[in-house]
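Look for subunit A in each of the two complexes below; its partner is subunit B in the first and subunit C in the second.
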Partner chain A sequence: MMTDTSTRALAAKAVRASREQSRWQRTLVSIAYFVIPLVVVIALWQLATTLPARPSPFFPPPLAIFENTWNLLFGSERAVQQVFAGELLQSLGRMALGYIIGAAWGVVIGTAMGLNRSARETVTPIVEFLRSIPATATLPLFIILLGGGDDMRVVFIAYGVSWFVLINTASGVGSIHKTMLDLGKVFRVSPVRRLFAIILPAALPKIFAGLRIASTAALLLAIVSEFMLATNGIGYMLIQAQGRFQLLNMWSWMIVLAIIGLLLNSLLEFIESKVLAWHRLSRAKI
Partner chain B sequence: MAIAADAAPRRRRNAKTGAIWRGIAGVVGLAVILEIVSRSGLVDPRFLPPFSEVLLRAITLWGDPVFRADVGNTLLTYLLGILISIVIAIPLGVVFGLFTPAYRAARAIIELLRPIPPVSLIPLVLLMLGAGLEMKLVVVVFAALWPIMFNTLYGVHDVDPYAKDMARSFGVSRFGVIRRIVIPSAAPFIVTGIRISSSIALIVVITVELIAGGAQGLGAFISRARASYADSLETYLSVLAATITAGLLGLLINLAIGWVERRYFGWDSTAKDGA
Partner chain C sequence: MTDTQSTQSPAVPGDPGAIVVVDDVSHVYGSGPSAHHAISGLNFSVQPGEFVSIVGPSGAGKTTLLRTLAGLLVPTSGGVWVEGKRITGVPKGMAMVFQDYSRSLLPWLTVERNVAFPLQGSSIPKAERKAIVAESLEAVGLKGFGKRYPWQLSGGMQQRVAIARAIAYRPRLLLMDEPFASVDAQTREGLEDLVLQIRDRYGMTILFVTHDIDESVYLANRVLVLSRPPAHLVEDIRVDLPTPRDQITTREDPAFVHLRSHVARLIHGGGAE
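Right, the complex of A and B next:
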C-alpha cells in the first residue's frame, strides 16, 4: 500500500517534470523562432550597409538608426521634453480625440441605422457613397472649410474613423436576432436598459472589429494630416527630416511610428480580450 | 399551396424594390435639401455651393484632358499595385500556410513590418525614387500586401486535410495538390483578401498623390486645385467635384469586386461575412 502510493506519487512527479520541461522547451523554441530571424536580418542589413565602399545613402546601418533613435528620444533632457511633451503628445492627443469623437458618432448613428430598417434603407446609398470616398482625399476639403489648424485635424480624423465604426455597428445591431429584442419588450425592459443591456452587448463583437480597423486608420489619418500645413507632430517631424535630407532622422521617426502602431494594435487587442471574454466563452461552449 | 409557394418570393421582391425606392428617395431628398440650404443663403454658398453646380462640375471636369489623364494615372497605379501585391502575396501565403516552420521564422519580421503605417514610407521612397509611378507602386504594394497574404494563409490552413491526403494517394504530385486542391479551396479567402486590399490600395494611391509634390493622379489634381488660387469658388467647386469623382471610383471598384465575389465565389460562407 505504502509503496504503491509512493510509486504513484513518483510517477506523477515525473510526468509533471517532463511536462514542465517540454513546456520550457516549447517556450525556448518559440523565443528562438522570434529572436534568430530578427538578429540574422539585422546582421545582414548591417553588413550590407557597412561593407561596400560606397553604401547607399538611403539605407543607413541599423545600429546607427537605433543609436540615432535613442538620441532623438532620450538623448538629452531637452530632447525628452520636446519629443514627449511636444511632438508625441500633440500627435497622439489629436489622434485620440479624433478617434473618440469619430467612434462615438459612429456608434450612435450606426445603432440608429441598425434599429430602424426604413431609415437604414433610406440612407444606405448615401453612406455607401460617402464611405467610398478615400478619407484622405477629403483632407483638402477640410483645409478649405476649417483652415490649417489643429481643430481641422481632429475633425478630419473623426470623419475618417467614423465610417468603419458606423458600418460595423449598423451591421452588428441589424443582425441581432429578433427574438432577443422581443424578449426585452415582453419583459417590459425600459428602452434605455434595452439599449445598454441587450442591443449594444449583442453588437459588441462587431463594434470592436470596427474599432480595431478604425485605430489603424486613425494613426494613418493623423500622420497624413500632419504632412500638410502642420507645425508639430510626428508626421511633421518626418516631412521636415525629408526636406533637410536627414535620412537617419527619417528612419528614426519611421521606427517611432511603427512602435506606436504596434502598441496601439496590442492595446486594442488587450481591451478586446478583456471586454469580449464572455463572447469567446459562449462561442467555445457551442 | 401554389399561392403560398410564390407569395414568399413576391414579398421578398417587394421588400427589395422598397429598399431601392427608399434609397432613391434618400439621395434625392439630400440633394434637394443641400440645394435649398445653399440657394436660400442659409449657409454661406462659399462653403456649400449648390449641389447642382457641384454635380455639373463633376461632369464637365471630364472634358478637361488633364483631369482625364490624372484619373487614368490613378487607375493604372491602383491596378498595377493590386496585381503586384497578388503576385507577391499569394505565393507567400501558400508557402507560409503549408510550411509552419517557414511562417514561424518569418513571423517576427512580419509582425514588425505590418504595423508600420504605409504613408510613413512616402518621404523616404519619394527621396529614393522621385515622384513617379515606381514610388507610388512601392507604397501601395507595401500597404496592399498584408490582407491578401494573411487571407491566403488562413485559407490554406482551412483546406480539408483528407482532400489533400486523398489526392496524394491517387498519385497527384505535391505541386499538383497545391494547384488542384489547396488554391481552389482557399480561393474564397483569397478573394476576400483582395477585396480588403483593394480599398486600402485606392486610399493609399490617392494619399501618395496628395502628399508627393509633382506627382500625377486624382489626388494630385485635388491638391493642385486647392493650392492654385485659394478662397475662390471656382477652385472649391473643382476640389468638391474631384473628391466626388474619387468616391465614385471607390464605389465602382467596390461594387465590381463584390459582384465578382458573389458571382464566382458565392458558394463559400466566408464570402457573405464581409470584414
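Right, the complex of A and C next:
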C-alpha cells in the first residue's frame, strides 16, 4: 500500500516534470522562431554594410544604429529627459488622445449605424466616400481649419482612426443574430441593458479587430502629423535628421518607432486575450 | 391594428378563463403581388395549465404564430390576449425557449450567469436570485455546471440551460419554438420528459411548436394542426393519453398510434382528407 502510493506519487512527479520541461521547450522554440531570423537578417545587413571597400552612407551598419539609438535615448541624463519627455511622450500623448477620441466616436456612431438599418443604408455611401480619401491627404485641410498646434494633430489622428472602428462596430452590431436580439426583448430587458449586456459584448470581437487596425493607423498618423509645422515629437525629429543629413539618427528613430509599434500591438493583443477569452475558446471548440 | 396602446382592452373574446386567446389573427409579410400570407384567420384559446402543441407542414407559419404570441410581431389583423389583456408588446410572465440554443445563450457568460440573466434588474434580492438559479439548474439536471460556459457543453445540455433560464424567470406561460429540432433522438427523448416534469413541478402553461408529429402528440393535452400557408387551423385535437407519459408505454399505446397517424394524415394531406 505504502509502496503503491509512493510509486504513484513518483510517477505523478515525473509526469509533472516532463510536462514542465515540454512547456519550457515550447517557449524556447517559439522564442527561437522569433529571434533567429532577426539575428540572421541583422548579421547579413552588418556584413553587407561593412564588407564593401566604400560602404554606402545611406545604409549604416546595424550595430552602429543600435549604438546610436542607445546614446540618443540613454546617452546622458539630459538626453534621457529631453528625448523621453520631449519627443516620445509628445508623440505618444498625441497618439493616445487622438486614438481614444477617435475610437470612442467610432464606437458610438458605428453602434448607431449598426442598430438602425435605414440609418445605415443612408449613411453608408457617405461613409464609403469619406473614408476613401486617404486620411493623410486631409492633413492640409486640418492645418488650415485648426492651425499648426497640438489640437489639430489630435483631431487629425482621431479622424483617421475613427473610420476603422466605425466600420467594424457597425458591421459587428449590424450582424448580431436575430435570436440574440429577441432574447433581450422576450425577457423584457431594458433597452439600455440590451445595448450594454447583449449587443456590445456580441459585437466586441469585431470592434476589437477595428481597434487593432486603428492602433497601427494612430501611430502612422501621429508621425505624419509631426512632419508638418511641429516643434517636437518623433516625426519632427525624423524630418530634422533628414534635413541635416543625420542618417544614423534617422535610422535610430525608425528603430524606436518599430519598438513602439511592437509594444502597442502586444499590449492590445494582451488586452484582447483577457477580454475576449470566451470568443477565442468558443471558436477553438468548434 | 396598432391603435391599441392602452392596456384596458375591450372584453376578451371567447373564453374569459383562458390564459391565451387568439382572435382572428392574420399576418402578411410584405405587400402587393409578392406578399406572403403566413397565417390567416386563426382562432383558438388556451386554458391555464394546458400543454398545447402546434404542428404543421414546414413553412406553415408556426414561427410567425409563436412570435405573434410572444409580442415580438404585431399581426396584420386580429389580436392576442394574454391573461385577459390584449398584448401590445412582450407580455409579463412569459418566457421563451428558442430553437437555436447556440444563439440564445450568451457565450461570454457562464451557465449560472446566463440563467440569472433575466433576473438582473428585477427587484429580487441577490441571495434569493442565487437560490433561484441553483434550483433551476438542479431542475434541469445541471447541478454543478454553473461555472462552465455554454460552449463547453453538448447541444442537449445547452438547451437544458436555456430551459433553466426560462424556469428561473418563473413564467406562467412558456413558449417553445422547435426547441429540440437540433439535438439527436436520444437526447430529445430525455428533454421531452424533462419538459413534462417541469410543467408538473411549476404548473406552467406551455405552447410548444414542433414539426415532429410524434413529439407533438407525446407531450400535449391538445394538438393544433396548421395547414400550409396561409395557415389556418385544420383541427384542434384533444389528447387524452394517460399521464405520466412514458417514452415506451405511451408510444406503444394504440390511442397514441391512432392520434399520431391522424395528425400525420392531416399534415401530409394538407387538410384535404
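Keep this in mind: the second predicted complex is superposed on the first by the 248 of 286 C-alpha atoms of A that agree within 3 Å, B and C clash if a C-alpha of one lies under 4 Å from a C-alpha of the other, contacts with A are read in each partner's own complex, and residues count from 1 in each chain.
The rule is simple: a residue touches a chain if its C-beta (ideal position, glycine included) is under 8 Å from a C-beta of that chain, and two chains touch if they have at least 3 such contacts.
Every value quoted in this text rests on a predicted model; they were computed, and no experiment measured them.
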Touched partner set for A:132, first subunit B, second subunit C, both or neither: first
Subunit B versus subunit C as contact partner of A:124, first or second or both or neither: first
Partner chain(s) touched by A:189 [first = subunit B, second = subunit C, both, neither]: second
Partner chain(s) touched by A:52 [first = subunit B, second = subunit C, both, neither]: neither
Which partner reaches more residues of subunit A (counting touched residues only), subunit B or subunit C: B
Touching partner for A:201 - first (subunit B), second (subunit C), both, neither: second
Touching partner for A:145 - first (subunit B), second (subunit C), both, neither: first
Subunit B versus subunit C as contact partner of A:257, first or second or both or neither: first
Residues on subunit B engaged by subunit A in the complex (per definition of touch): 18-19, 22-27, 29-30, 47, 104-109, 111-112, 115-124, 126-128, 202-203, 206-207, 210-211, 218-219, 222-223, 225-226, 236, 239-240, 243-244, 246-248, 250-251, 254, 274-275
Touching residues on subunit C, where the partner in the complex is subunit A: 70, 72, 90, 92, 94-96, 98, 100, 103-104, 106-108, 117-118, 120-121, 149, 151-152, 169
Contact set on subunit A toward subunit B in their complex: 30, 33-38, 41, 58, 118, 121-126, 128-130, 132-141, 143-145, 171, 209, 216, 219-220, 223-224, 227-228, 235, 238-239, 241-242, 245, 247, 250-251, 253-254, 257-258, 261-262, 264-265
Subunit C-facing residues of subunit A, complex: 177, 179-180, 182-183, 185-190, 193, 197-198, 201-202, 204, 278-279, 281-282, 285-286
